[in-house]
Amino acid sequence: MSSADIYRELILDYYRNPRNFGKLEKFDIQAHDTNPLCGDEIEMQIRVGGENTIEEIKFTGKGCAISQASASMLTELAKGKPLEWVRQVAKEDVFKLLGNPDLGPSRVKCALLGMKVLKTGVYGYLGAHYDDPDGSV
Amino acid sequence: MLKSETIDVEAVRRDFPILKRKVHGKRLVYLDNAATTQKPQSVIDALVDYYSRYNSNVHRSVHTLGEEATEAYEDSRRKVAKFVGAQAKETVFVRGTTEATNLVRFAWGEKYVKKGDLIVATLMEHHSNIVPWQLLAKSRGAVLKYVGLTPDGELDMGSLEGLLRESPRLVAFAHCSNVLGTINDVATICTKARSAGATTIVDGAQSVPHLPVDLASLGADFYAFSGHKMLGPTGIGVLIGKKRLLEEMDPFEGGGEMIREVFEDHSTWNDVPHKFEAGTVNVAGAIGFGAAVDYLSRLGMDKVREHEVRLLDYAYDALSSLKGFHAYGPEDTKKRSGLIAFNYADVHPHDLATILDEEGVAIRSGHHCAQLLMRCLDVSATNRASFYVYNSYDDVDALRHGIEKAGAIFKV
Amino acid sequence: MLKSETIDVEAVRRDFPILKRKVHGKRLVYLDNAATTQKPQSVIDALVDYYSRYNSNVHRSVHTLGEEATEAYEDSRRKVAKFVGAQAKETVFVRGTTEATNLVRFAWGEKYVKKGDLIVATLMEHHSNIVPWQLLAKSRGAVLKYVGLTPDGELDMGSLEGLLRESPRLVAFAHCSNVLGTINDVATICTKARSAGATTIVDGAQSVPHLPVDLASLGADFYAFSGHKMLGPTGIGVLIGKKRLLEEMDPFEGGGEMIREVFEDHSTWNDVPHKFEAGTVNVAGAIGFGAAVDYLSRLGMDKVREHEVRLLDYAYDALSSLKGFHAYGPEDTKKRSGLIAFNYADVHPHDLATILDEEGVAIRSGHHCAQLLMRCLDVSATNRASFYVYNSYDDVDALRHGIEKAGAIFKV
Amino acid sequence: MSSADIYRELILDYYRNPRNFGKLEKFDIQAHDTNPLCGDEIEMQIRVGGENTIEEIKFTGKGCAISQASASMLTELAKGKPLEWVRQVAKEDVFKLLGNPDLGPSRVKCALLGMKVLKTGVYGYLGAHYDDPDGSV
């Protein structure tokens, strides 16, 4: 797969016009992470609604098209879902959102930064700890 | 191909086996030399020869292999010292520039920096010349301040002089910036710092590989650089220090080789530079470093410099006409080393690097271990193309072509 | 040649190019393996392959070479960790055992050891497991005491238990002595130390190369070893630490790679193990270390051990009948690793080593970086013959022949 | 040259029966050094006589035959000489005493340890500093 395929219209659109970009006035969950290797940053805020669902979710960040688009897409997918759903989100889901691009290992980290932040925040709220399996080594 | 009167690039390229490699079916265009350089066959051969013929621990064994390995190791020390106009006794082998600054932090800084003392670094430093001083300031209760930059990406000499009036203990700065390319005036800064009573440590990671450097005329108290950025193996570099300073400092790591005598309650230290080389050293790395210095000496560092300036000039011409292209650092190529950090429209450096990679072009993208500088420049990342002896005008053309492709994909 | 059912020595020897070499016209008989071992072609090839095909800085670049180098580097980390039953996240690449103990001194010791605290080492330690603790004791105002030895050269468990009753903060000891060969009972000592509230650091420099080691069952808090003593390149080793400890410790060296974010007045740290790998790492060294571990895994560490025990038994038989021959350490070869330290009549070890060298036989002579132990043994130096996978009964015969020659010259 | 030649009768004799071995009751110069790489040790004591000559000289030490024999031979040579003579002693003189054996670089250090100690002591007494050219690197 060539970079022309990786950077499809859709990803560029999400990069330039990220959905759910911004801050929430009131939120119950907040998480932030950076990729120490490249400096990409994502922060997410979630307002928890009835029956522990994700009522509102917004993100801010800076970084490459892949990290920002995937975070944005993930917030769209997450909105309205029960918090428990976040436990099941897997990297394959994120790749699917991005159109299954063929990413090298370092770009995979860009793609998964949003998921890591989402999980860290929600797991914390649920009293659990998210141990990133694709973490440092 | 570059028809330089100074360096025969085609001949040089034949010395680097990796340059035969294809990346995504394309010719490898390696422009990430400021991160690490490729290795000529002569350096690889020096390693193979060592391991196949005379591998042994050094300084400890009286058998033939041990004597040969020790000779070769010390011979490399002499070569590296001579390459920059220093003495072998002042030349300590370390893992690289980062270990060198940390050695100075622990062995000199923890001994001489006192509560309330001022340490001066600059906003263009690599993290390896910032974080050790933050840690030192914290452990000693000292204060760390930074020399600011001019809009053109040079050190603000007014800012430096202001800080020198506060009588700092230590002034830490890079000979060349790894992002801006700026070549700092080491001799002048060291003279001023010395008058202010400060000790100086100069990060030569981006200067020694690219410019003729003569430490005798620069006057730095400590000077550090890495082998892997100048054709040498990974895991080897040097700290060069004034002999008197090295002798007065505490040891750094403790263990074999750095001791003279060990008693239950105390030990005494070996002569410098061995006092700072605890444990089994990177023998092969040092020997390969010597071979790298031989290679560069054969080319001649003035020619290496001239070659890079030509590439820089050519690259400026080729790239600055691209819409949305923005380069950082001094515009005068005489004032900068052979690298260009840049941004291109709203294409994030990581995305650009990915697209370039597909064209076989390797550049670096990110914060380049210079987050303070990134904040000065008000960017989170930049691209960086950095040149070396095997790069040619063709390589610059490939870079331009790749950027244009990214422009098409991103509809710049 | 040794006809071992376990290791095919002739096949192994063909893998080591240096063994073809002649020394003073004689076949090289390399018996200085405890100082550093020779390298098989597969390790040399791994280095050449890296430099010729995918040399790049790791963790920093998104281009293909960078990704390949990073993968290979991290893959080596996983291999080395697995080789000793540890987790990759707990496995920090360092220069060698000496850097590992010093890392623990600076990053753990300076943080947790307080004035008046007790640090326990043993009289059989290598200087790399003594000097850091002397320096730590001095800087923190702590006290350093040593576990004594039995006449047979084992740790005196009564002495250890007495010291444990004083509630030490740290207990530092070797898994195997590099002079006596003694294999210490790591699991038992760690259990006792833990009950006494102490943190443990075990020097595995002479154990991991020679014995099957499973850290999961040993219970050490920190465990260190060197690549160059187990067929790997120079300049690489590991510190393995309990994850919680590594996370709570201060960083050691500051610079690139080990940081998460750098601000003017402070920085935050990367995840372990990267937090402890500042600056450009020895990429080639790590990759070669992985290849060395592959080689040893193919042989099987239980077979390596069995091979060495056979050589030990054979050597005792061959040497102990020499008039004036005196060996140190436990007599039971099951209790010791594959080396013999000895003295021979009044022939000083250096003189013996010179005479042996002329026969092509390389042994080590001197204090072996164990001056406290030399004083216990009441000698200033010993000879040491240390075995590895490529040694054979023939090598032992050559050693015996050389000693006899020295006897003739010195009219023993 | 083979080791049988290096370890001539003479060297073995000096190793086993070192001349001038011991301590002086009264001395004006004392110096000591070890070879950190192998642990060889030499200590020398000198009583200075009229016209700044070496009236008495003794050494103690432990180490290999080469280090001990060369130190012993050197004390014999030095005895009665003016202190200034020590400045001119060169390694070739020591090698000559030993019968010009063919020594590798590490054994050369053994051979020269005695000279280093002698020079360090005498230079110090004369108010100078001896900087060992064959020292650490």
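Letters A, B, C and D mark the chains in the order given here, with residues in each chain numbered from 1 onward.
Throughout what follows, a residue touches a chain if its C-beta (ideal position, glycine included) is under 8 Å from a C-beta of that chain, and two chains touch if they have at least 3 such contacts.
Since the model is a prediction, treat every value here as computed from it, not as a measurement.
Chemist: Using CA atom averages as chain centres, what separation in Å is found between chain B and chain D?
Modeler: Chain B and chain D have C-alpha centres separated by 45 Å.
Chemist: Can you compute the centre-to-centre distance for chain C and chain D, using the mean CA position of each chain? Integer Å is fine.
Modeler: 36
Chemist: Just the number, please: Cα centre separation of chain A and chain D in whole Å.
Modeler: 75
Chemist: Give the residues of chain C that touch two or more other chains, as numbers and ranges in rising order.
Modeler: In chain C, 60-62, 64, 66, 259, 261, 350, 354, 357, 365-366, 371 touch at least two other chains.
Chemist: Using the touch definition from the top, which residues of chain D touch two or more other chains?
Modeler: As it turns out, chain D has residues touching two or more other chains at 37-38, 104, 107.
Chemist: Chain adjacency by touch: line, ring, star, complete or other shape?
Modeler: other
Chemist: By the document's touch rule, what are all the touching chain pairs in this structure?
Modeler: Applying the touch rule to all chain pairs gives A-B, A-C, B-C, B-D, C-D.
Chemist: Mind listing the chain D positions that touch chain B in their complex?
Modeler: 34, 36-38, 104-107, 135-137
Chemist: What residues of chain C sit close enough to touch chain D in their complex?
Modeler: 346, 348-351, 354-355, 357-358, 365-367, 371, 374, 380-381, 405-406, 409-411
Chemist: Inside the complex, what are the residues of chain C that reach chain B?
Modeler: Residues 17-18, 21, 23-24, 28, 30, 32, 35-36, 38-39, 43-44, 47-48, 51-57, 60-66, 95-99, 101-102, 105-106, 126-128, 130-132, 134-135, 138, 144, 146, 226, 228, 233-236, 251-259, 261-267, 278-285, 350, 353-354, 356-357, 361-366, 369, 371-372.
Chemist: Any idea which chain C residues touch chain A in the complex?
Modeler: By the definition above, chain C touches chain A via 59-62, 64, 66-67, 70-71, 74, 77-78, 88-89, 91, 259-261, 270-274.
Chemist: Residues of chain D touching chain C in their complex?
Modeler: The touching residues are 2-4, 6-7, 12, 15-16, 37-41, 62-67, 104, 107, 110.
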